[in-house]
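Going in written order, the chains are labelled A, B, C and D, and every chain counts its residues from 1.
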Amino acid sequence: MIGSRYLPLLTTLAIFILAYALCIAQFPNMLSTRVLGNLLTDNAFLGIAAVGMTFVILSGGIDLSIGSVIAFCGVFLAVGMGEWGIPPVLAIVLLLVIVTAFGATMGAMIHYLAMPAFIVTLAGMFFARGMAFLLSTASVPINAPLYDTLQSLYFRMPGGGRLTFIGMVMLAVFIGGMILAHRTRFGRNVYAIGGNVQSAELMGVPVAATTIGIYALSSFLAGISGIVFSIYTSAGYSLAAVGVELDAIAAVVIGGTILTGGSGFVAGTFLGILVMGLIQTYIVFDGTLSSWWTKIVIGLLLFSFIVLQRGLVWFTERRANAAAAAHA
Amino acid sequence: MNASLRSGLLRLAPQIAALAVILALCAAIAPGFFDISFANGRLYGSLIDILNRGAPTALLAIGMTLVIATKGIDLSVGAVMAICGATAAALITSGYGLPATLALTLATGIVCGLWNGALVAFLGIQPIIATLILMVAGRGIAQLITEGVILTFNDQGLIFVGSGILFGVPMPVVLWILIALAVGLAVRFSALGMLIEAVGVNRRAAYLSGVGTAGLLLAVYALSGFCAAIAGTIAAADIRGADANNAGLWLELDAILAVVIGGNSLLGGRFSIVGSLVGAMIIQSINTGILLSGYPPEFNLVIKAVIIVAILVLQSPTSRAFLAFAWRKRSSASQEAAGQQPAPGRQAS
Amino acid sequence: ADMTVGFSQIGSESGWRAAETTLTKQQAEERGIDLKFADAQQKQENQIKAIRSFIAQGVDAILLAPVVATGWDQVLEEAKEAEIPVVLLDRTIDAPDDLYLTAVTSDLVHEGNVAGQWLADKVGDEQCNVVELQGTTGSSPAIDRKKGFEQAIADHDNIKIVRSQTGDFTRTKGKEVMESFLKAENGGKDICALYAHNDDMAVGAIQAIKEAGLKPGEDILVVSIDAVPDIFQAMANGEANATVELTPNMAGPAFDALEKYKADGTEPPKWIQTESKLYTQADDPMKVYEEKKNLGY
Amino acid sequence: MAAERALLEARGLSKYFHGVTALDGVDFDLHAGEIHGLLGENGAGKSTLIKVLTGAYRRDDGRVSLDGAPIDPRDVMDAQSLGIGTVYQEVNLLPNLTVAENLFLGREPKRFGLVDSRAINKRSREILEGYGLSIDVSALLSTYSVAVRQIVAIARAVDISGKVLILDEPTASLDAAEVDRLFAILSDLKARGLGIIFITHFFDQVYRICDRVTVLRNGRLVGSRPLESLKRIELVSMMLGRELESAESGDHGRASEVRGEVVAAFKKVGKKGRIAPFDIEVRRGEVLGIAGLLGSGRTESAELMFGIHEPDTGAIEIDGAKTSLGSPRDAIRKGFGFCPEDRKQDGIIDDLSVRENIALALQARRGWAKPLSRREQDALADRYIEALDIRTSDREKPIKFLSGGNQQKVILARWLATDPRFLILDEPTRGIDVGAHAEIIRLIEELCAEGMALAVISSELEELVAYATRVRILADRQHVAELEGEDVSANGIMRAIAAAEGDNTGEARS
């Protein structure tokens, strides 16, 4: 009974381990701390944004604006610290306030105007990237000492892999996200809204405040993700992070969260991120795929993954049913 | 019939008003915007351009409307456009005749749609993810067909189908209007419309009432693929070449936007194809207006976002209710002043 | 030499890039180099991931066609630490030059300059209103090719850019935007020349000009950049006037430099500039077309 | 009693929905320490009244005061913090949360600023034990049956309510034992001085537990009377505004009738994990009653008979010919109909109009290419709105705006419109008022007389006795007995169930 709740999560874990084992069998080099470290560092910004997306999807919504928000953050920081001369810490705080307010505004429109999240955040996606263009169309390097410090912060693991600062930020955000989702009233309310808004309202859940909070959180995390991305690349670029929202959605769904809301885990999203990273690493290690085959193979792997997951869940539930019957 | 036509128009009043306002804005920016002339056997004018350039979005919006009515969404249409454009170009350049090329291209679109439909209807995968798969892989498939290059062709027949002139009207316009009529009539004069709405609102209840839900879902996604195939052919014929990378890029978002601006709910159920088409024209008018305005391109996205938000806010259920309330207040105030009649509902029983 | 080289390509967004990929693979094969190819789908983060994976894999050298100029310091430092030489292809980056072995690129600003120069020579003292089709907003070719062109016409008061919009480097958008230019500029009668940041947009725009009842190449001069085969066909038909070549064979010089470096440690110059050759209708466009046709554009 | 100040006092409450007057100047008083029945026909405005009282709807007019102080709850949270706990009509918990999370949603105990799951689970277990329910509270609510969910909803409301407890048809899915337990708890709360509003269509329950009743009709207050002095027949006519014409007639010589030919026969049909193989024959002009406790497998049997699940054993014969049922569509083509128990999830298409909801099954059977013309649909809708007395302002109203009981009638109409040979009704009278109840029973008898074959699942034994020719008894997902003729009586059924349950004592029932 308890198992069935965690089933998608366990399935994802099982498939990830299996897939990783297969990869190692083909490329022994993939079993190294370097690869593991890279998996964390390279997917840090995506993972952080995906935590926000998890909350949004758990509540039955969707946020298409995060890629654009990430790009906006980079450009804002680069232009802010460079051209306008704002001190780095102040720029970061200012940025987080701006993007959080942006998310809260989207949440308020979704709730009070009863507009679909898909469309509100689509407009938000245009708007945020448009604002990035207005700040600067060219890519702007960031030369702050703070950035150099943060970039040089890492643990060296045996075998040459690095656990970098941004990788650690991602891990921290995931832990924070898990606590927020499972151990706070806000988290419960998110699940409740995702289950059924009307019921949640009749049970006294503050739907307006929670909805606004969810999108504010998503944008806030997209802001953190944008900062991480700017640390990752030491630059701001208005064309950066195009389509990250789709990657984040895919990671969330692979992690076993249901798109209609109400069921899933933040930890699942972490697995989803690892799976997506693994797919990419595998393709690079293989290194023989042409541009188009890369796309097709990513699509096929996504497909087989989802089908495998569904199949396993279905199969296990059937077995559980049959076992219950035999027991009765 | 007349009454339902009137109520339909009334429902679309906000959309039509929005379109009118945007066109008026365009005219303010670009003098002579409303001029239409006839030369070289065809109509010229910015309005014709909007109808013509908006054809791919309009076509996609037709299929998308029905998909969304079933509570689905089809993210793959842009990629399917690329696949079908590439198929058409590849077939025509390797010597197939025009009829065979067209037939195979449309069939390709339908197969893509059926694939999506099968994932949704039989495997129970959520539509957004099911179609995301083809969205990612589809462009790869298209490039596989063109081998990464822009596959140019010079077959006048294919070019005519996609971008020729028929009775002075550009073919894309003819095509989307014809298909919209065909689909609209088919859906409203058969029971399909009602059954699709039933599936969208409550798939399980519809299934238990004997509605062939799986078949309907398949059909609806197939139609979406079919529309994407035509849009892809138009896009390819327009530039006389299949550009697997860029044909229909991000057009799925425009199509979804058109459907929603057209007053359709993303939660499925009630739908209006005419609404979606008006939505598509609104989007194209914004795009054309931006191009005519002469602002630097950095402003494009912000302008688009602001206009879209304005339209959506005005037609959101809440502001509609608010407007209706204000309107009723005014009219009831005037009514009371006129005759002090009690409201009819209160007196009954 | 038995060498494994990782190649992080931006994507396959244009015919030119497809040709570059094809030529790189051909070159590698001819030299017996084992090429690991990674397509980044236009995303810098994917390129960084790919480079990290190459390092983890232990390749002998890395080719990088950077999608954007900034943001490479960290990952290139890791490559340096692992003693893997990196060669930049077709675009340079904002990073200390000890982080890479060499850069094989053309000069984007120079390309725009050549195009502008050609136009200035062509029109002489006549008044000339130019419309510009920009590349993708924010991309470095769009920024630099605009800059170079503007520099070239800066001293010519008779040449003026009257309209400039992005055509996203694509034919479709090139055609659509050109249509609106024609509408806005008195049916095209006020336009003297079109400058497109790449040939694909020019090819789309040429169709728009024809459909508006004007003669591209005569009524409106057309100059663009890249030199893909289709523009030569247009030139042969008299519909385009000039193009500036950006050679897709960046890998040849890169592999040369790498092989020398591996053999005896010869440091190549930091910048190997490719030629930005101007082609006009006088250069027997049909012949060039035939030559280029099969290069995978 | 009259001198005592009311705990909750409402004056002149009104509520309008786009032109429909759901409440029209209703006055209502609730005293501390009383259980107050709220009665009325389907669509009378009972649910609307409590939604207005608890802030789920904003009232359009009127005043409410609690303990003499005016209140205006803006939302349910507000009402909860005032000490008003409510179970709304449709079970409105969240199946995607655990039982314990549902119980404490919005008022979780905290430790170090974080939600204390351990405490929640512990307290939940304690609370539910008070209702005789010892279940795993950390399992998702969706794993439990409707009955369990209803108990959890009641427990939650009781736990929240400091002053007022409101229950809107809480007993619709409960069996006798569970109702007894609920009533014991209500008496207890009453003794502690709570005011309780209780909405139900079961008169027995009203007389068992209520002190006073208030009756609504068409959104208006008919009256408020202490129960001691109120006769049943008076109460009924208060509700209906007329006399109930034909009481449930007891005579229908079922054994004496000639048995019609077999329409469908299910032979050793079963599905592993759902229901043990069973035999059923249904005949023309006959009502097969199906009785059993909650979760005994009645719905599961019906689902096999209608092709919703495919059986993994056995054979099906229709008119003597062997066939299989692959899907509901298949079954409908063969002249079957099935009116499901969970109308919200399986029945109504909530955005579609009453007309479309009625026409749906018929249209689906004809196929999309042969649409019913608008005129035909209108005629069909009008006919059933009239025949079943469906209360709606017009046939184009979306069904979601109808009251619960009227939605049920629309679904029934959907199936009658297909004119099936064999109709399965799963709890057809759940949530239906006395008047409509009598009408539906009469309808079932009529259909039967016209030669339709029916199978009716019901938890109301009197009702089964009234129309069933035979009654099948289920226990623990097995068909254990069949009563016929003389044996069909409430007592007989009860005994049969008890005997069967006694045999199967192994399984603990939640």
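Here, a contact is a pair of C-beta atoms (placed from the backbone, for glycine too) under 8 Å apart; a residue touches a chain by one contact, two chains touch by 3 or more.
Here is each chain with its UniProt name: A, B = Monosaccharide ABC transporter membrane protein, CUT2 family; D = Monosaccharide ABC transporter ATP-binding protein, CUT2 family.
Just so you know, these numbers come straight off a predicted model, no measurement behind them.
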Check every other chain and keep only those touching both chain B and chain C; list them. A
How many angstrom lie between the centres of chain C and chain D, each centre taken as the mean Cα position? 71
From the mean C-alpha coordinate of chain A to that of chain C, what's the distance rounded to whole Å? 34
Report the inter-centroid distance (CA atoms only) between chain B and chain D in whole Å. 43
Residues of chain B that touch two or more other chains: which are they? 143, 148, 297-298, 300
Counting only residues that touch at least two other chains, what does the list for chain C look like? 11-12, 18, 21, 137
Listed by label, touching pairs are A-B, A-C, A-D, B-C, B-D
Complex contact set, residues of chain B against chain D: 189-192, 194-195, 197-198, 201-202, 204-212, 216, 269-270, 345-346, 349
Chain C-touching residues of chain A, taken from the complex the two chains share: 27, 29-30, 32, 34-35, 38, 41-42, 45-46, 133, 137-141, 151, 160, 229, 232-243, 277, 280-281, 283-285, 287-292, 294-295
Contact footprint of chain B on chain A as seen in their complex: 62, 109, 112-116, 118-120, 122-124, 126-127, 129-131, 133-134, 137, 246, 249-250, 253, 258-260, 290-300, 302-303, 306-307, 310
Can you tell me which positions in chain B touch chain A when the two form their complex? 73, 123-126, 128-129, 132-144, 148, 244, 253, 256-257, 260, 265-267, 297-306, 308-309, 312-313, 316-319
Within the complex, chain B is touched by chain C residues 11-15, 18-19, 21, 134, 137, 163-166, 168-173, 175-177, 179-180, 183-184, 200, 203-204, 207, 213, 230, 296-297
